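Okay, got some structures for you below.
Presented sequentially are two complexes of chain A, the first with chain B as partner and the second with chain C.
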Partner chain A sequence: MELPNFSLALPEIFIALSGMALLILGVFRKQEATQGIAILAVITMVLAALLVPAASGNRAETFGGMFVVDGFAVFSKLLVLVASSLCLVMSVNWLVKEKLERFEYPVLVLFATLGMLLMISANNLIALYLGLELQSLSLYVLAAYQRDSGRATEAGLKYFVLGSLASGMLLYGSSLIYGFAGTTGFDALAKALEHGAPVGVIVGLVFVLAGLAFKISAVPFHMWTPDVYEGAPTPVTAFFAVAPKIAAFSLLVRVMVGPFGAVTAQWQQVVVFVSVASMLVGSFGAIAQSNIKRLMAYSSIGHVGYGLIGLAVGDQVGIRGLLIYLAIYLFMNVGTFAIILAMRQKGRLLEGIDDLAGLSKTHPMMAVAMAIFMFSMAGVPPMAGFWGKFYVFMAAVDKGFITLAILGVLTSVVSAYYYLRIIKVMYFDEPKEALDRGVSGSLTFIMGVNALLIVVFTFIPSPLVSSAGAAAASLFGG
Partner chain B sequence: MIQALVFYVFAAITVASGVMVISARNPVHAVLFLILAFFNSAGLFLLAGAEFLAMVLVVVYVGAVAVLFLFVVMMLDINFVKLREGFLQYLPIGALIGLILLVELALVYGSWSFAPEAPLSVATRVPDLAVVTNTDALGRLLFTDYFYLFQVAGLVLLVAMIGTILLTLRSRPGVKKQNIARQNARTKETSVELRKVPTRGGI
Partner chain C sequence: MNGAPIWQLVLYVAATIALIAVMIGLSAVLGPRHREKATVEPFESGIVGVGTARYRFPVRFYLVAMFFVIFDVEAVFVSAWAIAFRQVGWPGYWEMLVFVAVLLVALAYLWRLGGLDWAPRR
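Up next is the complex of A and B:
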C-alpha cells in the first residue's frame, strides 16, 4: 500500500491544521483573543493562497482519484481564498464594534473556506458531498452567529432547513447515478456515460443540478436568498454573496463538463432555463427593495443568471467568460459590502438605501467608490462589469444562443435602474442626517483596493482574461 | 425459506413502525416506534451479512440518537397540536406532489438499466469476504481507499460540534459552580473560627 500524494492537497491540509490550532488557541485564550485569531486566520488563508499554485502544473489526481488539481482548480481556489480573506478582514471591525467577539467566528470562516477548496477539487460524488456539507454547515452557524437577534436566528434556521433539503436532493440524485454506473468517481462516470444516459441517470442529474442550483441561489431555488441575506449579520452576508457562490459555481462546472460532458444536451436546456429565470427574477425583484442587503441578494441572483449563460454555452469560451465574470463579481461585491458595513449612524449599522442620501457631500471618496461599483455592476461600458458580461454574451452569440444573449442584455438594462438609483440617491438627494465619520482603516482599505482593481481591470483586462482562458482550457484537457 | 420469512417479518415491522412514527399522536410514542424501526433495520442488516452495520445502527441510533430525541421531546414544551394545525390544509397538495413523484420513480424503475462497467467497478472494491471478516473488510476500505473521505467527515463533525457550542453555550453570571481546586485548598484556618463563649453571654 503506497501513500497518496499529499503535496497536491497542501493548501487544504495547511488550512485544516491551522484551523484546529486556532481553535485550541481560542479555547485557552478565551474571547479576548478573537482579533488575534482573526488576523492569524487571514494570514493562514494568504499562505494557503501562496501554496495553491505550487501544487499546480498539469492535471493531477490523488487520494485514489477523489481529489483533482488542475489549472481550473487553481484559479477558482485563488478566487475563493481572496474572497474569504477580504471578508474576514471586513468582519474584524464589525465584531469589535458590535461587541460580538467570539473566537469561533474566524475558525468557522476558515473551515467554510476549507470546504469550498475541497468542493473545487472534488473528483468524486462523495468527495463533492462532503466538501459541500463542510462548507454549508459552517455557513448555517455563521448565519445564526448573532444569536440574540431574532432575524439572524430565523435566517440561520431557514438556511439550514432549506439547505438540508437541497443536500437531500443532491444525495438522492447521486444515488441514482451511482445505481447506474456502480461508481462515484467522475472519471469512471464520464466513461460509463459515453454511450448515452438512460432515463434514471437523467433524473439523477436533474436532482444533482437542483441541489447545486440551490447553493448558488439560482431561480427557482432562490427563495431563501433575500431572507437569509437580510437577516444574517452584514459581514456574513458579504461572505455568503461571494465565496460560496464561486466554489459552488466551480463545482457545478466541474460536474457538468466532466462526468456529464457526454450528455451536454440533457443538462443544457435545464441550465438555460435556470439562467433566464435567474436573470428575470434578479432584475425585476430588486426594483421594489428598500433594504440594501435585500437588494444585493436580488442582484446576486441576477449575476448568477449571467454567469450561468457561460455554463449553458458549455464550451471553453463559455467557461472562460464565467470565470472572468466570477472574478469581477467578487471584487465588485466585496467592495459594495465594505461600504454597507461603513454605513453607521451614531454607531448603529444602517441598511436602508435612503440612508445613503447625500453621501457625495458627507463622504465624497466613499461615494466615488460606490459609484464605481454600481456602474460596474450595472455593466455600463467601459467598467469592469461590462467586460464580464461582454465575454459571457460573446460566448453565447458564438455558439448560437442569440435569444439567451438578448435576454441577458435586456435584463441588465432593467437592473441598471436600481443600480443607478443608488447613485442618484448618493449624488442628488439631500442628506437627512450624515453618516458617522471615521470609517475604520480596514474598511477604507478594502473599498479602495477593490475600486482600484475594478478600474485597473477596466483598462488592462488582459491578465485576467488570459489566466481565465488558461484555467478554462485545463478543464477541457487543452 | 426461513430466511425469507424472517426478512418479511423484519421488513413489515420496519415499514409499519415507520408509518407509526409520523402518524402517532403522542410524540413519545413516535420516538419509541422510531427505536423499533431501528431495531428491525438492524435485523435486516444482519440478514444481509453486514453485522458491523447492524451493531452500529443499534449502538449509535438507538443508544444515542433516539434517546436524545426522547429527551428533547420530553424536556421541551412543544405544542404538537399547534404544529399539526396546517396538516389537513396542506395534505391535498402534498399528496399530489408525492403521487407525481411516485409515478415518475416508477417510470424510472421500469426502464432501469446498468452501465456495462457497473458490476466490474463494484466488485473490485470489496475484499474477499471468505478471508476477512465483515468489520475487517470495512476497516480496510475506510482507512485506505476512503481515507480522504473519512478525514473530511471528521472535519464535518468537528464543525458541527463548534457550531453547537457557539449557538448554545452561554456564560450566565451568578451561577454557583463547584471549584474543586478552591475546595481542596481550604484549610482549618480559613474555615473554622474558635471563639470563647462566655457563660450566659451567647455570641
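Up next is the complex of A and C:
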C-alpha cells in the first residue's frame, strides 16, 4: 500500500487541522474567545481558498480514486469557501448582539465547509456519503444553535429527522447501485454502465437523486425548507441558503454526468420534472408569505428549479449555465440576508416584509442595495440574475427543451411579483417605525461587496462566464 | 434497457406489501378483543405502575449513552484495522494514528467542557 498524494487535498487537510486546533483553543479559552476564533476561522477559509487553485491543473485522483480534483471541483470549492466565509463574517456581529457567543459556532461552520469540500471532490459513493454526513451533521447542530428558542430547536429537529430520512434514501440507493453494478467508484461505475444499466441501478439512481434533491431542497422534497429557514437563526439561514446548496448541486452534477452519463435519458426525465415542480412551487408558494425568511426559502426553491434546468440539459453548455447561476445566486442571497440581519428595531431582529416600509427614506443606501438584489433575483434585464437565467434558458433551447425554457420564463414572471413587492414596500410605503441606525460595519461591508459584484457582473460578465465554461469543460474531459 | 426484467422487482415489492398486510390483517381479525379493568394496566397483573413513564431523566444518562455509542463505534474501526494489520502496513499505521489523534481531540474537548463530570454537582 502506497501513501496517497496529500497535496491534492491540501485545502481540506488544512481546514480539518485548523478546525480541530480552534476547537481545542476554544475549549481552553472559553466563550470570550468566540470572536477571535471566528476571525481565525474566516482566515482559515481564505487561506484554504488560496490553496484550492494550487491543487488544480488537470484532473487528478488520490486516496485510491476516492478523491478527485479537476477544474469543476476548483470552481465549486471556491464558491463554497466564499459563501462560507461571507456568512461567517455576517454571523460574528449577530453572535455578539444576541449574546450567543459560543466558540462552537465558527468551528461547526468550518467542519460543515470541510464536508462540502469533500462532497465536491467525492469520486466514490462512500466518499460522497461521508462528505454529505459531515456537512449535514454540522448543519443540524447549527440550525438548533439558538437552543433556548422554541422555533430554532423545532427547526433543528425537523431538519435532522427529514435529513436523516434523505440520507437513508441515498444510502439505500447506493446499496442498490453497488449490488447491481458491483462497484462504488465513479470511474468504475461509468465503465460498468457504458452499455446500458440494469434496472436495479436505475432504481438506485432514482433513490440517490431523491436524497440529493432533498439536500438542494428541490420539489417534491422541499417541505422542510420554509420551516427550517424561518426557525433557524438568520445567519445560519443565510449559510443554509447558499453553501450547502452549491456543494450539493456540484455533487449532483458530478454523480449524474460522471458515472451515470451513459443513462442520461433515464435521469433526465426525473430532473426535468423536479425542475418544473420547483419553479412552480417556488414562484407560487412565495406570493402569500409575509415573513421575509420564508419568502427567501420559497425563492431559493425557485432558484433551484432554474439551476436544475442546466442539469436537465445535461451537456457542457447546460452545466456552464448552472455554474454561472450558482455563482450569481450566491452573491444575491448573501447580500439579501445581510440586509435581513440589519433589520433591527430597538435592538430586536425583525422578519416581516412590512417592516421594510419606507426603507428608502430612513436607510437610502440599504434600500438601493436591496433593490439591486431584488431586481437581480427577479431576473430583470440587464441585472446579473437575468444573465444567470439567460444562460440556462439558452442551453435548454439549444438542446430542444423549449417547454422547459418557456415554463422557466413564465414562472420568473410570476416570481417577479413578490420581488418587486419588496421594492414597492421599501420605496412607496410610509414608514411605521424606523429601523435602527448604525448598522454594523461587517454587514455594511457584505451588502456593499455583494451589490458591487452584482453590478460588476452586469457589465463585465466575461470572467465568470469563461471560468464557468472552463470548469464545465473539465467535467466533460475537455 | 437490458439486464434483469422489471417484473422481478415488482413481484418483490408486491410480496413485501402482501406479507405486511397479512401480518397486520390476521392479527386484527383473529386477535382477542376484550376490555377489562386490568387490560390497560402494565403487565395485566403483578405490580401496579407508579407515576408516569414521562419522567425527566438527568441529561447525564443521555451523555453516557452518546459517549458509549461514539467511542464504541470508533473501536470497531480499530478492530477492522487489526484484522488487516499486515496488509495495510505502515501507511495503515499512520492513518490509524491520525484517526486516534482526531478521537483524542474530541475527547479533550468533551473533557474540558465537563461532559465527563457525571457526579451531581455539589
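Note that in this section the second predicted complex is superposed on the first by the 478 of 478 C-alpha atoms of A that agree within 3 Å, B and C clash if a C-alpha of one lies under 4 Å from a C-alpha of the other, contacts with A are read in each partner's own complex, and residues count from 1 in each chain.
Going forward, a contact is a pair of C-beta atoms (placed from the backbone, for glycine too) under 8 Å apart; a residue touches a chain by one contact, two chains touch by 3 or more.
The shown structure was predicted, so the numbers you read here are calculated from the model rather than taken from an experiment.
For chain A, the partner that touches more of its residues is B, with chain B and chain C as the two candidates. In the superposition on chain A, A:196 contacts chain C only, with no contact to chain B. Once chain A of one complex is fitted onto chain A of the other, the partner contacts of A:223 are absent, as it touches neither chain B nor chain C. Within the superposed three-chain model, A:28 lies in touch with chain C and out of touch with chain B [touch as defined at top].
In the superposition on chain A, A:410 makes contact with neither chain B nor chain C.
In the superposition on chain A, A:365 makes contact with neither chain B nor chain C.
Contacts of A:287 after superposition: neither chain B nor chain C is touched. Comparing the two interfaces of chain A, the one with chain B and the one with chain C have residues 1, 20, 23, 180, 195, 198-200, 203 in common.
Chain A makes touch with chain B in their complex at residues 1, 4, 16, 20, 23, 63-64, 66-67, 102, 104, 107-108, 111, 114, 118, 126-127, 130-131, 133-134, 137-138, 140-141, 144-145, 147, 156, 176, 179-183, 188, 191-193, 195, 198-200, 203.
Those residues of chain B that touch chain A in the shared complex are 104, 107-109, 111-122, 144-149, 152-153, 155-156, 158-160, 162-163, 165-167. Against chain C, in their complex, chain A makes its touches with residues 1-3, 20, 23-24, 27-28, 180, 195-203. Across the complex, chain C meets chain A through its residues 1-6, 9, 87-89, 91-92, 94, 102, 105, 108-109, 112-113.
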